[in-house]
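Per-chain numbering from 1; labels A, B, C, D, E and F assigned in written order.
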């Protein structure tokens, strides 16, 4: 006789059916960063998750940052950091190192994906003129080559998806003088998700999710409607780091992304768990204040 | 924290990766019959399995028989069975009832598949002139409208697959005078698998698999090379019912199907278990006498 | 010299030119039923007509009923009819027999078409989720599994036409619980004609056409504008059986079908005669009250 | 009741079925010339025939000469004919007039076809570099700008057919110095039929067909196998004008055209009669000496 | 070392970059006539220019007149011109000659283009029913077969462009009775440019361009906005021959052509110079009164 | 009047016609390296040349090295070079820096191309699994992560060309353990040219070309047949650095590349001059010993 163990395996696969159906051929943008990028086990698990999503018919896109690698290499080449208002300035030399490090990380991810049998193509926002930017000021101060996305030209992503590649994107763009700029990876992921009309946008973070009260872990929210998210910001109930992230979530949903997730990237296979089980991981930001919309994911 | 239970679920999905990869966009013909067609639970599980295969990127095709329903309806309309050499004769009236019952079973399967969210199209070998036959004689005796497949015109199946439908086929064909014939479902499945260049052909049966010694359950074979299968037949080591089935397996492999499986349809989710775990269910008939070929399925 | 006989043949073909031109690549839905389905000669002629239409560039679709065969088989299996308000109730068992009989008729038509060299595919409204229904009540009474079409999913028909098959459809559909329902064939033909944007919808009936006065054969109408058809109904000038048929005609035209014909299916080749000669057979229901629109068909 | 007359019309259309089926989407090259080009009634009938063939699914191509129009215009502009060995010399001026006249005839045919509702495109062998030629000598004598086809570049014809136009071609070509040459229309039709892999090539002529004995009208041959045609030439049993025509027929068949017809263009609708009835008009040149091949045309 | 001469050549090619980029895959209609059609050197240069445009990625279309050739041939065949109000009447015979001459010119241009290695197809407005016309009256007087374009059916041009041919068109059309009409070549070019949504329309003329004061050569305008062009006409500041030409320019721009040029066809390579240098040749008619729009052509 | 200067410009463009025609839609692989990569003016000119080739219809691909940048950065991060047999060893750390530098150079080239209005995509041999390698040994010694190309998977390049991007490729590949390897850029360019069936492969070098006698500048060869190239190597008449380069040229031609060029990258616009003038720059390696093959390039 077949052992119970095997039947349970079959059961897990069968339970995945409605989720596979729901997202079949839909685009999912994964903002990949934080601990999940540092820990080798977590890194492998994230990539396994993304590859599985690809193979069962989804169209995932990875947008990644460079994390602590950039700082490490800036030090390695003996550069002196400069600060304005307490913010690190991305001068031309820093930008050069940052681009090199992001490129290195990008190809590492490409290699990992391909070792699992899926073809990936790693690009930056320069390729195919994907990301166009303008200088971003911090309270009016020039902090160097840090850019805001002004427009996205999604043709290269659409072409790669059509040709069945998994696009892996690092957040660098050009301004209209063809100067190179660094872009916040959350911002880049959000801009891309909107431009390709993604169904889902998932941020892998180092927090458990959004709290109603940041000081009380028991107030972790499993879902949050756009209206509520705005109130949280207005009421000052979210910490500083969370504000721009929540703002990105709100933006994405208001421009057509169906659902945005703030996931805890420290949980193994958090992406898979979020998508294939009805156990919510982290916080889902939803469009409308309707419970029934949440039934099947 | 996320419960172990969920992590185990993720693990099962991740373990399915290499199998999904291997069969991505490959055609799998499933001969569906026997107990798995009678028991409502098993029926639902088979259909769930096939639907899952479809959703994760395979191209399944179901070929089904009518099982005991045909006998039941032949009785219901008060027909007297006729026999030649102990074989039931399929006269014109019996053929008419058989076609009606197979059509009914066909649409039931279509309904089941569609209730799981996948679009199916149920056809017989008449549609698109799929199956052409000639009369089959049993030791020279005319047993009526029972046919051997003489040619397959796979365009209708290819078109349905291209348009993303799941084809469900009942084994009826036309001879050159456009008379209707019943075809053994195993034969039809085998002929179709060859014509569409299937990667896999799986027979759902009511046995555990092939035995080296039919009288000794401990001699169940998990794999069997074509050469060995031929020897089993030549040596008289397989029972009567198994000979045509084994012959179909050998035929299919010699004309290009990569692997043929004789599965025990009485095991829940036997199809999924065979494809997604390395626990072989039943007997796999393989091309060559090479162990390494068996490593990844 | 060539005999006059041959020149006359050429003349007939040449006269067909403007009609072939007018309907080239247009969709024509033929509701096939009545005597034309019982008489073997008429049946062959209808199928010849449809095959000719296909070959000269039209895109015909057949929607058929089961006629008297259903009653015959219901009796054959010894079922007791149940009645509500004098109407036969389609209970689960009756529905099962009806589906089997419609399937049998469907494949007979497929066979006939293929014997004339054209590839057909016979489907029901279950295939490709073509016909979705809800229960139909007769004056508030539940008469069983009889359905009204709530939506049509024409993809399977469009795909079959694109792949050059002739679709033959029997009027069975599923409700949202995936229960099987019988549909009036006229209703199904009308719903399909609208969904596929047919140019023409032709009902083969057992009457000569519509009469201004049902009791006076000399008042047969060769054409009828939608406005007039509505008046006939409002004035009570049409018999009971004709009302739903006329209503279907009006519906079809109001949703974009260019012309609807009520043909006398008892006339050999009535379909061909209607389309290829300017001798109107039966009654044409037309959109507007403009004579000039009628000049070339 | 429907009059017999109409039923007979339907019968004629039904009888055309097997012929329409046989040539569906096949290319038919019609060499159009002789009396059928002079008599206005015959001209209209030929064009009606070709248009009908187009509409019922064939892919006809017309290759035409200029007939007596060329001589008429050469006279009209007051040119003096020059002769070599009794053959008219096509000098530069004559060639210029010939090209103008052929162009005029070409557009007249385009107009006629379009007046029947089919879109035509008239080209010469210069367009799309269709016909490449070299100078043809008559027994070693230079007779001017008369060319032999050296190669055919069928892309323009294939493109026009794909785009559903009816190509009408006049037999003019360029040599490698880009000088203009006249080509015998029979030769051009034969070269084109071979290049586009035509199913059929029909020559409209002013004779009844091929005779076994040119002096005995009772010896008209309804069919002629390639082998026999060669014997007729070798035995000197065919008249001078017929030799190159027969040679073209033999060539065409040996390079893959299935059947070549020498039709009597003086018979109204000879093209239609040949294709849609089993009354052979003129002489069919066939590949092999097998009667059974002739059964269905 | 490489000689300066070669470096200068490279420089010229590099300077062409922005122009090639701007018009890549854009349609340019060239109305070809006047001296550039008579002088053999100019003719060759125009064709070279058009061929170059084709090869570097533009989609040129030539629309040509017959120039003085028509008059020459009308005389040659001994026809007597007839006049109405001082205007030559295009009677049936004149029309016949005109069509023949235009056909001859058309194929000469096809030959020239092909001698430079590009495939051309020469058609008239009859082919593919491209140009439909109605009779044009001159101050109410019937001047024969001279037509105004009533509609354009651009499918044949679009198909030829898609298949990579260069279309060369002579301005002849059919009215609804399928009678042949001559069309002013400027009008035909303008109608075609509008129908195919051309980016540019260039008239090769025998004047230097538009003058503010026709009597003062120093008032040649290098550009002219639509508004100004209308004022010139209203103020009577342009000569009679120029009025319909300017009107065509205005029409074309108002229906979507981006820029129209009146070029001096007597300048060698005027087309290339206009497009590839910032030396304007002749007068550009522009949409809006904005200087910045003129910067990069 | 138009100035002579402009007419000369037109003349240069016209002279480019036969070259544009010859290479239309053909693939040209440019190995970019050496001085042309260091000097900012030369760099801009090379990119202008490639962009022009793209715009006039060629399909260029750039394969580049990292030149002196790699050494500079290896020093910058304070790494100690290791040597084996006098050869620098590419250990894991060196490989990491090399990949980062190549990535940086790659995106600089992408930026330059895009600033000229053409969309580029920069990839390495990891993307789309383009370049697969195995370890290369130097006389049996392990010199670290330096690889030989074992196979090329050109799909990503073909897809980018189809989608109209200009691919820019850095020579890095993966072995079967998914370890990263550096590849000699000449080798990578040669392997890619063969895999995509390039028409032309051009090496930008820092030499004038191949000399018959390396010590005598007057023996510079403008062309060299494969047979002669082999003799030069066999006879020891070429210097050490030139041997692998010549071997690559021979390989490329023997596997189907039509012509290979060793160009002097120090000459401005050397690429354009080579392709658009009949002034040969550097040495052309040709297939056969036939002068006539060289006529038109």
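What to note about this one:
By our rule, contacts are C-beta pairs under 8 Å (C-beta built on N, C-alpha and C of every residue); 3 or more make two chains touch, one makes a residue touch a chain.
Here is each chain with its UniProt name: A, B, C, D, E, F = Acetylglutamate kinase.
All values derive from a computational prediction rather than experimental measurement.
Touching chain B (Acetylglutamate kinase) and chain F (Acetylglutamate kinase) at once are the following chains: A. Interface note: chain A (Acetylglutamate kinase) and chain F (Acetylglutamate kinase), two copies of one sequence, contact each other through mostly matching residue numbers (shared numbers exceed half of all numbers used). To fit its Cα atoms onto chain F (Acetylglutamate kinase), chain C (Acetylglutamate kinase) must turn through 180 degrees, a value rounded to the nearest 5. When the contact pairs of E-F are matched by residue number against A-F, B-C or C-D, over half are shared only with C-D. Relative to chain E (Acetylglutamate kinase), the chain whose mean Cα position lies farthest away is B.
Rounded to whole angstrom, the centroid-to-centroid distance between chain C (Acetylglutamate kinase) and chain E (Acetylglutamate kinase), based on C-alpha atoms, equals 55 Å.
Chain A (Acetylglutamate kinase) and chain B (Acetylglutamate kinase), compared by their mean Cα positions, are separated by 44 Å.
Centroids of chain D (Acetylglutamate kinase) and chain E (Acetylglutamate kinase) (each the mean of its C-alpha atoms) stand 37 Å apart.
Of all residues in chain C (Acetylglutamate kinase), none touches 2 or more other chains. Judged by the touch criterion defined above, the protein chains form a single closed ring in which each chain touches exactly two others.
Listed in ring order from chain D (Acetylglutamate kinase), with chain E (Acetylglutamate kinase) immediately after it, the chains are D, E, F, A, B, C. Those residues of chain C (Acetylglutamate kinase) that touch chain D (Acetylglutamate kinase) in the complex are listed here as 2-3, 6-18, 20-21, 24, 45, 48-49, 51-52, 55-57, 116-118, 267-270, 272-273, 276-277, 279, 281.
Interface residues of chain F (Acetylglutamate kinase), counted against chain A (Acetylglutamate kinase) in their complex, comprise 73, 76-78, 96, 99-101, 103-104, 106-107, 110-111, 114-115, 119-124, 126-129, 155-156, 159-160, 163, 165, 172, 174, 178, 180.
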